[in-house]
Amino acid sequence: MTHPSTTGPAPVLALRDISKSFGAVRALRDVSLELFPGEVHALAGENGAGKSTLIKTLAGVHRPDAGQVLLDGEPVVFSGPGDARDAGIAVIYQEPTLFPDLSIAENIFMGRRPRRTLGRIDHKATHAATVALMRRLGVDLDPDRPARGLSIADQQIVEIAKALSFDARVLIMDEPTAALTGSEVARLFGVVRTLREQGAAVLFISHRLEEIFQICRRVTTLRDGAWIASEPLAGMTEDDLVRRMVGRDLDELYPKQAVSPGEVALSVRRLTREGAFTDISFEVRRGEIVGLAGLVGAGRTEVARAVFGIDRWDAGEVEVDGRRLTNGAPSTAMAAGLALVPEDRRAQGLVMDMSIERNIGLTGLRTTVRAGLMDRRAERSRSLDWAVRLQVKYARIADAVSTLSGGNQQKVVLAKWLATGPKVLIVDEPTRGIDVGTKAEVHRLLSELAADGVAVLMISSDLPEILGMADRVLVMHEGRLTAEIPRSEATEETVMAAATGRAA
Amino acid sequence: ATACGGTTKEDVKNEGGAAATAGKADPNAATKKGLTVGFLPKQVNNPYFTTAGQGGEKAVKELGSTYKEVGPSSATDTSGQVSYVNTLTQQQVDAMAVSAQDPGALCTALKQAMNNGIKVVTYDSDTKPECRNAFISQASAEDLGRTEVQLLAEQIGHKGEIAILSAAQTATNQNTWIEFMKKELEDPKYKDMKLVEIAYGNDDAQTSFQQTQGLLQEHPNLKGIISPTTVGIKAAAQYLSGSKYKGKVKLTGLGTPNDMRKYVKNGTVEAFELWDPARLGELAGRTAVALASGQITGKEGETFRAGAMGEYTIGEDGVINLGKPTVFDAKNIDDFDF
Amino acid sequence: MPESVMRAVRWDTVVGALLVVVLLLSFGFVDGFGNALNLSFLIGNTLPIALIALPMTMLVVCGEIDLSVASTAGLSGAVMGALWNQGMAIEAIIPVCLLLGVVCGLVNGLLVTRLGLPSLAVTIGTLAAYRGIAQIVLGSDAVTDFPAPYLDFAAGRIGDTFVPYALLPFLALLAVAVVALHATPFGRSLFAIGAGEEAARFAGVRVRRQKLILFTATGLMASLTGVFWALHYASARYDNATGLELSVVAAVLLGGIDFDGGKGTLGGAIAGVFLLGALQNVMSLQDVSAQSQIVVTGVLLVLSVLGPRVARQVSAARAGRRAASAPVSKAPTPTS
Amino acid sequence: MTVTAPDRTPVTDVPRSSGTRLVDRVFRMRELAILAVLLVMIVVTQLGNSEFLSEQGIKDLLLNATILVLVATGQSLVVITRNVDLSVGSVLGISAFAAGTYLQGGGDSVPAVLLAVLTGVGFGLLNGLLVSLGQVPALVVTLGTLYIIRGIDSIWVGSRQITAADLPGSFVDFGSGGVRAVPYLALIALAVLVATAYYLKHFGSGRELYALGSNPEAARLAGIPVRKRILAAYTFCGALAGLAGALYLARFGNVDSGTGNGYELTVVSAVVVGGVVFTGGSGSVYGAALGALLLTSVNSVLPALGVSSVWVLAINGILLICAIAVDRVVALRVASALKKRNARHA
């Protein structure tokens, strides 16, 4: 295998010809990788390329079917995640793995808390250490609050804090930034740079290519479980990287079609939910894509949940196509033509143990019915249709969605809601964890839907995505709408100003 | 039928239920050998029923027949008992001796058994009379009820508040005895005694324990407790012996000598009574064989010889009385072992 | 191995097969098993468990449980007895009892769905409460004099066949339940609720309503069982059917219904019910003691969860070997 | 991408006054709710019957609770790990009989208690191995072992029984004796309870029990030895059930094949009433102990008030539901207070 010659020390961690299969799926085929101290190494590939599987193999979660893991040049066999941790490898998994009932501090220090005599836990020291970590990341999370109820972004931050607390030699991060906005990402990168200077090796996965270019020195690309290349990023362009990942040139990432908006499809008036958001009013017209921007925790998700009826609102009203929605009733919202692609795909978007087919079918329980009974053939063809349209990569449509890669799971969530043929589509972080190729596809799809007269409300923490796709941008700050910016005036500066509350 | 066309209790009463005991008794018929007699206690693994079963086994073997015992492992598993009746019917035993968990629930199954030519004897706890050929009563209910009151009255000097700690609220035999206790208390010589409460311990040690505690707390002037159940009296005795009430509150009722020996010796209990369960089982076994041999049919007035136990006469409703219960106290308790 | 075969080796099919094997062996080798009378005993005594197992399976599939079923049955039996003693007509009593069951189920359902209490805790509470009310209603009475036609219907069989009359309505109910669980949107949503309640809610499934319906149906079926029990055993007492909940739960678990929710089939549950019933019948006929029967039930339960797990590992190992040579699968093209 | 300064205020230098306060407070409030219910009940009873809180009365209350407290303590450890042990009643029964037979044969008290505990440990290990190695649903497995152990018990015991007369007098006296109103048995239970609670709060492996109940998958990824911990929880639960068996023998002086029958529901009720959540990860042994005390006290309160025993069962059930409802309402209140407090835009 040809690696570009690297100056400096020997690799701390290396994979040699690793293969791993799940049942009939060959997730990794003869993949090799070397991680050097003091470098940030990117791992790139489409959804389902095998990135997470590779990381789990490094972390001792999966035992490779063939091949070797080398630590400091010595072959090692990790019998479990504990072994990898003891070897100085810290991992942030793609999906947050917190203990909802334990405090944030306990989550961070689980298993290796500061001790007092007789092996008792030093609760005070744990608390202080957590405070210090939070300060380093520049966030304000109470170390004593339970992890239950944290937003995905906050969960991700706790995961990062957990990994940092190890002072590990090797830090592995599987899409740590997927749920974060610019400022948190910047903070994170600051910390990562410090670590790098201290000699740690970092393996970084992200579907946001600009982030890869921002912080990484080398990149390893995977395609369909196979190793494609390991090379320095210097001199590469985003297009080069995409070509490696996808094997072809990329379509335009933001294929926004110009549409002239029709009549009002979704109208939200003076909506208030105590403790979450206050006095929210806006309209979305047919054919329009409206972006909803804001910092993490601004309350965007809460607005979407309330509009769809998951949470009850305390005051205000919501209309879809002129029909008033009942407070707290998702089924009537659905009947009125509303669809919500939720932010947390694992808990809210999918029934993980159910098949792809049934998951997509779940939103069609009212339509794929004949004489009161399920019409299985209609259900299957509806599911297959959408799975294929969204290029979900799966072995069998009857497989549980839990066996899919993160990005493919996200596609199933989209499929499930697009299959309802909504009039108003609310998408909350629709491309979180989706690779560039598919992201372009999702954007094209949203754009087409809008062109067909669907009103789209797009919540996203990916500012370029908002700017690229939205006809209008609404901005929230601390539970209130602070700005409405037309496409022509929307720039990073104007949106961020409103999001941080600096502009009225 | 009533005006609205439904079937009510009245209609059923008018129909009347006649259970015919077919055939005619031949007192001189030979005792058949090689029969199979199935014993079906309320609960297997219950020491009381095991002792009774041993008596039955002795009798049946002596008469040259085969003894077998089946039964549910819980005393409240009525459906389990029903299916054991079905099983015995299915196995075509010649007679069965049943201690019924429920007077009505076994009826359908028992009648089915009788239709299949199987003789049915109940012992310890009866069913409705038409569902069996004969019932072996451990002692007349009247005797038991009245003597227990007499025993307690002597111990407390015919004066003071008393209470009863029974088993389950539905236990038929308990309820009959309690009725007779109340009747006995109507006698003027008990005018200074007052029955203040009947508590139910469900034949469960812990519940009986707590019910005893409750009785004592609620009635600080309580002088005596009657517990006509072996489980209840044992639990009450254990509680009393470890509490400040020991010796002050008298306890009597139905108990086995082995259970109660310790409490009689340490002064918690003066005297209590019981019939001999082994004799109860033996009589049940002999009656079953007599029925299967055609010596009796279960009609009132018929008599038969039950080996060394002597001659027995069938009373009203096919009831056969075992005899008077034995009273145990410090003097005689060591003569018994069951 | 062909996919269809692989998929057929699920625990519920195993239980079904086991039932068939037990029946065949018993017909062949156990004296007195095969005749019509015994079979009718077997079916009659198993029906109460089977009746409650129908709604219980659905409840468990959607991640809830109702331990108060036996008490509800006891309560409706007690009320039936009490009203009968009052001189009310049986034709009027039975609907009243069924209505009572609906109320009991509704109370459970409301406590679970409105207050958000765990159903295990709620129904342990109502298990005591309903039984207690039954005790207050009927006290120490045992009512046995129900009208003969009703008793005959509940305990009798069709001519000399092995078919108890009561089996026919049960089969009808079974058919309704199977269709409801496995072929309607309602049933589909139950599986979704059981496997991922929040995701189901986000998909517009009316979680609380579905659960309420199920609890109510469970109450109804429990009271129907109570009425049947009182007539079948010709005895209405407050402690009728005590402990039946554990038998139902054991049978349903044996049938491969996963208590975490979201998995299982009614066929499996009913096979589990009758497997236990048949085994008990056979063991009794063979003079196996009650104590040993308990052990057998326990061992079966443990095997019922260990079995599928071992099977899964074996088939996973096999699939792994196959995959080594197979090409990577791509997204298939749509078939329609 | 432009990076704007985060508007979040940095964390203040002074850490909030003490350790894991907030999470604890949630538990503590729930325990207080149960305690309040218990106290109200006792005060009302005392007003209605002055004998209730006499020395004997208090002793009885404590004695009644002892055995359930022990078993509930063990059970809550298992429930915290998102499992359950239904076989505790059977284990209690068989270990009580084991200790009894040993004593009957002229053995000493201490080895007898040890024998009971070891019997419990044995069955606890069996449960733990089946659940953790087989990775199968605990409910089914322990329902299975409930039947198996009960069956073995009744085959072994048959119709034998051990009565107070068979036991050394000192052993039986110990069962009902105590320091004034405080029975020895209650002191044993209290010691076990306090030690367990301390362990759960202050030791890493104790916290790990909560962690793996809260999110088993995450626990695996965090390198927690999941199987070992579950096995330990079951063994401990079994040991306490065994100990409870020995104490049962001392207290009631009577064991037969039915001892402990149906106890599992009572134990589960106590644990649930005590606020230990069945989906794992939260609850405390103090709560479970309070739940046990509440349940057994109800059984003493009603007879002491002269409520006919016909009503006891119904009232029991209704009280149980009220207790969990109160607990739930309190929990919801705390949660919403928590949310308000943490809302970043107050």
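Chains here go by letter, A, B, C and D, matching the order in which they are written, and residues are numbered from 1 within each.
Note that in this section contacts are C-beta pairs under 8 Å (C-beta built on N, C-alpha and C of every residue); 3 or more make two chains touch, one makes a residue touch a chain.
Bear in mind the structure is a predicted one, so any value in this text is a computation, not a measurement.
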{"item": "Between the pairs A-D and B-D, the one where more C-beta pairs touch", "value": "A-D"}
{"item": "Centroid distance [mean C-alpha coordinates] between chain D and chain B, Å", "value": "39"}
{"item": "Mean-CA-position distance for chain D and chain C (Å)", "value": "30"}
{"item": "Where chain A and chain C are represented by their mean Cα positions, the distance between them in whole Å", "value": "43"}
{"item": "Junction residues of chain B - those touching two or more other chains", "value": "44-45, 73-74, 169"}
{"item": "Sequence positions of chain A contacting 2 or more other chains", "value": "none"}
{"item": "Residues of chain D engaged with two or more neighbouring chains", "value": "154, 310"}
{"item": "Chains that touch, pairwise", "value": "A-C, A-D, B-C, B-D, C-D"}
{"item": "Interfacial residue positions of chain B with respect to chain C in the complex", "value": "2, 4-13, 15, 17, 44-45, 68, 70-74, 76-80, 82-84, 86-87, 89-92, 102-108, 128, 168-172, 175"}
{"item": "Chain D residues touching chain C - in the complex, by the definition given at the top", "value": "130, 134-137, 139-141, 143-152, 154-155, 262, 265, 268-269, 272-273, 277-279, 310-318, 320-321, 324-325, 328-329, 332"}
{"item": "Chain C-touching residues of chain A, taken from the complex the two chains share", "value": "21, 23-26, 65, 224-225, 308, 310, 330-331, 333-334, 340, 342, 347-354, 358, 361-363, 365-366, 369, 372-374, 381, 384-385, 387-388, 391-397, 416"}
{"item": "Touching residues on chain D, where the partner in the complex is chain A", "value": "1-11, 15-16, 18-23, 26, 202-204, 207-208, 210-211, 213-215, 217-225, 280-282, 338-340, 342-346"}
{"item": "Residues of chain C defined as touching chain A within the complex", "value": "179, 183-185, 188-189, 191-192, 195-196, 198-206, 262-263, 316, 319-320, 322-324, 326, 328-336"}
